[in-house]
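Each structure below appears as structure tokens.
After this come two complexes, each holding subunit A, first together with subunit B and then together with subunit C.
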Partner chain A sequence: MTESGFDIAGLEAGHRPVSEFRYEKRPVVRGYNDRTLYVNVGDGRIAEKPVSADMRAKFTGGKGYGLRLLWDAVNPSTKWDDPENEINIAMGPVCGNTNYPGSGKSLVVSISPTTGIPIDCNVGGYFGPFLKFAGFDALEVQGKADRDVIVFIDGDDGVVSIFEAPGEAVDSHVLAEQMVAMFARDEKDRQHISSVSAGTGAEHALIGCLNFSFYDKRRKVARLKQAGRGGIGTVFRDKKIKALVVRYSGLDVSSNNPADLAGLQETGLKLHREIVTLDDQQCRMREIGTAHLTEIMDEYDLLPTRNYKFGSSPDSPGLNSHAFSAMVTHGLPDGCWYGCTMACAKAADGFELATGPYRGHKVTVDGPEYETVAGCGSNIGVYDPRVVMELNFYCDTYGLDTISFGTSTAFVMECWEKGVLDSTRTGGLEMTWGNGPAALELLHRIGRGEGFGLVAGLGVRGMKKYFAEHYGADPKLLQDIGCECKGLEYSQYVSKESLAQQGGYSMALKGPQHDEAWLIFMDMVNNRIPTFEDKAEALYYFPMFRTWFGLQGLCKLPWNDIEPADNSSTDEPAKVPEHVENYLAIYKAVTGNDLDRDGLIRQSARVYNFQKVFCIRMGKGRRIDDWPPYRMMGPVTVEEYESRADRYDKQLKEQVGIDPSGMGTPEKVAALRAYREDRYEKLLDAVYKRKGWNREGVPTVETLHDLGIDYPEVLEVVKPLLV
Partner chain B sequence: MPSVKRLASDSSKCIGCGACMTACSTLFFKVDDPARSCISVTPSDSGSKITVCDQTCRLCVAECPVQALTVSSQGVVMLDRKLCVGCLACVAVCPIAAMRHYPGSANPFKCIACGACARKCPTGAIGIVVEERS
Partner chain C sequence: MITVNGSPHPWREGMTVRDVLEERRFTFPLLVVRIDGRLVPRGDYAEAQVPDGSDVDVMHLMSGG
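So, the complex of A and B:
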């Protein structure tokens, strides 16, 4: 046994080598390696691939590289569990610098089990930057192993190996510690090891996530950040991968070899100082991370409660930021990559688990993020922060996405309320609103792959089909209240009163995640984009701008979760102009290449449109796929309407031109619905036009030509749809 | 009771000759350059302003993500350049700009209370002190 408490020698005795590959170590040049690493866990092939000049020019890096490699690996009929599907992890040129906050992100893409189209996740932790400094701009993992394997990339010695690993744990909080204990040469080396893993839940559910570790030197814990959305953890375990591990011990300012270190340092220091000076007056990210949002969302009627029926609750103070602030450890540099002074990766230490296989263990819980507080809290009617923490911990270690678990559980609870489910169908679980113990037990059943856990693990779209087929539930009702689009569960904001956000969610390429656009304040609160054209412009600019983070390996949060003191007096405060200038400056400082605002958008637009065509190639991505469930557009039920009757009556009168007096509530619900659905159609028209797509949401040949991505294989997808 | 060894200053005695900065930058960077000195002397309304780490607030130590900044047994905040990843968060959190950085260099630098500058000061405006701290 080692000091860590693991029998590492025993685990290593069970290893059986599969294959090994030695490569020449070369320094990064201005943010690029210009080669990628291919690993096939099915047949053991390992190889390096050069990055072509065209790939670098058109796809930039990060998500662009991941998608380009994935396109070439799959065909239009590829399903998520086919061996040719890949998990690609790519970084981008700016990724890994230690000067500008938020520069350590990895972009992960795969064909999703829940959507069938490409999913992309932006995740922190050390794996991506270390992989880059080990020598590769991207890692492409293909094939399916027969037995559990670990892939180890030794960036110090230039060796990649695959070996069978029968004895290691599957659940991430244990496995990540085992990897550190196994591969670190000494105590100092522990922070040079990072792993990617999933968990036992990802073996039984389609909503599996990946955990990227980062060793916390002060806590002496391998902490975890999640590539949460769309089930990549499920693909990972289907490939029988236990862990991807990287070692890199040479980190310093020259690792990313920027063209102009002094320039990079200058811009980085400016933002560091802004964060240090202003954060406590703005978002309090350094204190409690994104969980500061809960009370703000509640105040603006945007906090999802009871499966997005409502936007606030009198019980919400139980989950406010101060409740979680009291649980996390303060005063530590909680960045998920070096140099991030925003430090939002909070953690509660010594948290004693009350349920499940690790009951009684005292653990470090990463988070909770706002999305988890809302998804595993208010949206399922749970207002006990300890229950949210426990759900957070188990979702992570089981390798399950807290957002999809939360939204799926909220759907289950509403189905219970509406009589679709009962205790015989749930295996005795009383899935009533706010039943925290039942939600936890449901989670453990997913972890064990047992009973109703297997049904819930299908996610909302899978459950809708299952409940209709097996329980005779009304498909129309399920469609209205099942909060998914394209097969992905919604993230945690109520979009009913913001038409622009309905579009931001439902037109998002991968499914309804808010990382393409979050326009609620701009649209609903400040009314800055009143016309369809205004909304369309916002739904062009922001998704393109935000895509750029994923091309570079950047985090979105330091863009607008901290703002310069004079930001509100600028022409376009929602864009945070000074920070856009920062991005152009650090891009130039790293790569040596000039970039202006239009060039930035153009880099994104190429990859964005390529991803759009990729979605169409895989069978989704047209107008019909951009249609939200009505729960995300307006009040589905009489109960919802009457909870905000004054608001909706006023809208009927002033916007629809109907006098609601004398009308029954069901009649008013129908009238409002007809109005809102018509407006959504008009929004689709306006946004597609602005994006250079036809009325069906298909990019035109002219658009693809203008962007320089009119490759024959791309045109082959769209041409039949443009006639 | 832990002690703190630090460079104490009395700006009323400072004549702004810059000998301290010359001594510091020459010792540590082999150049005579105020921008590479751990102690900074700038003109002020009352004569001179002396900026140097007082070794006590230790915000930089708390902020360092790799624990490259530690407090020595003499109470001096020290930087281990082998551990430093050059993020400069310490520079940003320093409330008096005594954690210094030269553009384009890999690591920040700061006063380690060596006393080389004090030995060159012609007026006794700076000197090493050792204080007991509760």
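So, the complex of A and C:
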């Protein structure tokens, strides 16, 4: 036994080498290695690949590289569990910079088990930056192993190895610690080790996530950040990968070998000062991270409660940010990468688990972030922060996405309420609103791959099909209340009163995650984008701008969760112009290349449209795939309508031109629905036109040509659809 | 009567920007407030008077996500 409590020698005795690859170590040059690493866990091949000049010019890095490599690896009939599917982790030129907050993100792409199209996740932790400084701009993992394997990238010695690893844990909070104990050469070296892992839940559910670790030397614990959306953890365990591990110990402020280190530091210092000075008066990210949003969303009727039926609850104060602030440890540097003064990765230490296989253990829980509070709290009617914290912990260590688990559980609870489910169908679980113990037990059953846990683990789209086929449930009802689009569960905002956000969610390429656009305030509260054209412009600019973070390896949060003191006096405060200028400055400081605002959007537009065509190539990405469930557009039920009857009656009268007096509620629900669905059709038309797509949502040849991505293989996908 | 983000809102004597924000339950911290196009600094909300008939624009910036 080691000091860590693990029998590392015993674990190592069970290892069996599969293959090894030695490579020449080279310094990063202005943010790029210009090579990627290919690992096939099925046949043991390991190789480095050069990055072509065209790939660098057109795809920039990060998500762009990941998608380009994935396109070349798969074919139109590839399914998520086919061996040719890949998990690609790519960083981008700015990634790894320690001078500007939020510069340590990795972008992960794969063909998703729940959507069948490319999914992308932006995740913190040390793995991506260490991999980059180990020598590679991206890691491409293909194949399926017969037995559990670990891939170890030793960036200090220039060796990549695959070995069978039968004894290591699967659940991430244990495995990440084992990897640190196994590969760190001494105490100081622990912070140089980072791993990627999933968990036992990811073996039994389609909603698996990946955990990227970072060793917190003050807490002396390996902490976890999630690449949550779309089931990449499920792909990971299907490939029988236990962990990807990297070691790199040479990090310093110039590891990116930037073109202008002094300029980079100067721009970074400006933001450091801004955050330290203003954050406690603005979003309190340093105190409690994104969980500060809970009470704000509740106040604006945007916090999902009871499967997105409503946007607020009298019980919501139980989940407000102060409740979680009292549970997390303060005064520690909580950045998920070095140099991030925003430090929003909060953690509760010594949290004693009340349920499950680790019951009684005292653990460090990373989070919860806002999405987890809403998904595993208000949306399922749970207002006990300890239950939310425990769901958060187990989702993470089981390798399950808290957003998809929350939205799926909310759907289960509404199906229970509507009589689709009963205890004979759930294996005795009383899935009533607010039943935290039942939600935890459901989660453990997913972890064990047992009974109704296997059904819930299918996610919302899978459950809709299952309930219709096995229980005779009404497919139309299930479609209306099952909050998924393209197969991905919605993230945690009520979009009923914002047409622009309905589009921001449902037109998002990978499915309804809000990382392309969050327009609810701009649309619903500020009333700033009243026309279809205004909304279309916002649904062009923000998805393009926000895509850029994923090309560079940047976090979105330091863009607009902090603002300069004089931001109010700028002509477009919603875009935070000074921060946009910062991004152009750090891009130039790292790469040496000039970039203006138009160039930034153009970098993104290339990759965005490439991803759109990729979705079409895989069988989705058409107009029909951008249609939301009505629950995300308006009141499905009489109960929902009558809860906000004044609002809806007023809309019928003033917007639809119908006098609601004398109408029954079902009639009013139907009239409002017809109006809202018609407006959504018009929004689709306006947005597609603005993006240079045809009425079916297919990029035109002119659009692809203008962006310089009119490759033969790309045109081959769209041309038959443009006639 | 005043207008707040395009919709009518009752006015009263001595009304300040903070009053408007409280009555509309605008609790989000990242706001940009303009009265008839004139920017009101964030530190002045408690004192800044809102004249009858004015057009108050309360822009909520984005955060989260």
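One rule holds in what follows: the second predicted complex is superposed on the first by the 723 of 723 C-alpha atoms of A that agree within 3 Å, B and C clash if a C-alpha of one lies under 4 Å from a C-alpha of the other, contacts with A are read in each partner's own complex, and residues count from 1 in each chain.
One rule holds for everything that comes next: contacts are C-beta pairs under 8 Å (C-beta built on N, C-alpha and C of every residue); 3 or more make two chains touch, one makes a residue touch a chain.
Bear in mind the structure is a predicted one, so any value in this text is a computation, not a measurement.
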item	value
Subunit B versus subunit C as contact partner of A:V276, first or second or both or neither	first
Subunit B versus subunit C as contact partner of A:H361, first or second or both or neither	neither
Which of subunit B and subunit C A:K556 touches, first, second, both or neither	second
Touched partner set for A:K653, first subunit B, second subunit C, both or neither	neither
Touching partner for A:G268 - first (subunit B), second (subunit C), both, neither	first
Partner chain in contact with A:K217 - subunit B first, subunit C second, else both or neither	first
Partner chain in contact with A:H330 - subunit B first, subunit C second, else both or neither	neither
Subunit B-touching residues of subunit A, taken from the complex the two chains share	98-99, 191, 217-218, 251-254, 261-262, 265-266, 268-269, 272-273, 275-276, 331-333, 335, 338-339, 341
Of subunit C, residues touching subunit A in the complex	5-7, 25-30, 32, 39, 41-42, 57-65
Subunit B to subunit A touching residues, read off their complex	62-67, 84-89, 91-93, 101, 103-104, 106
Touching residues on subunit A, where the partner in the complex is subunit C	281-283, 290, 293, 295-296, 299-300, 370, 491, 514-515, 518-519, 521-522, 525-528, 556, 560-561, 563, 567-569, 573-574, 576
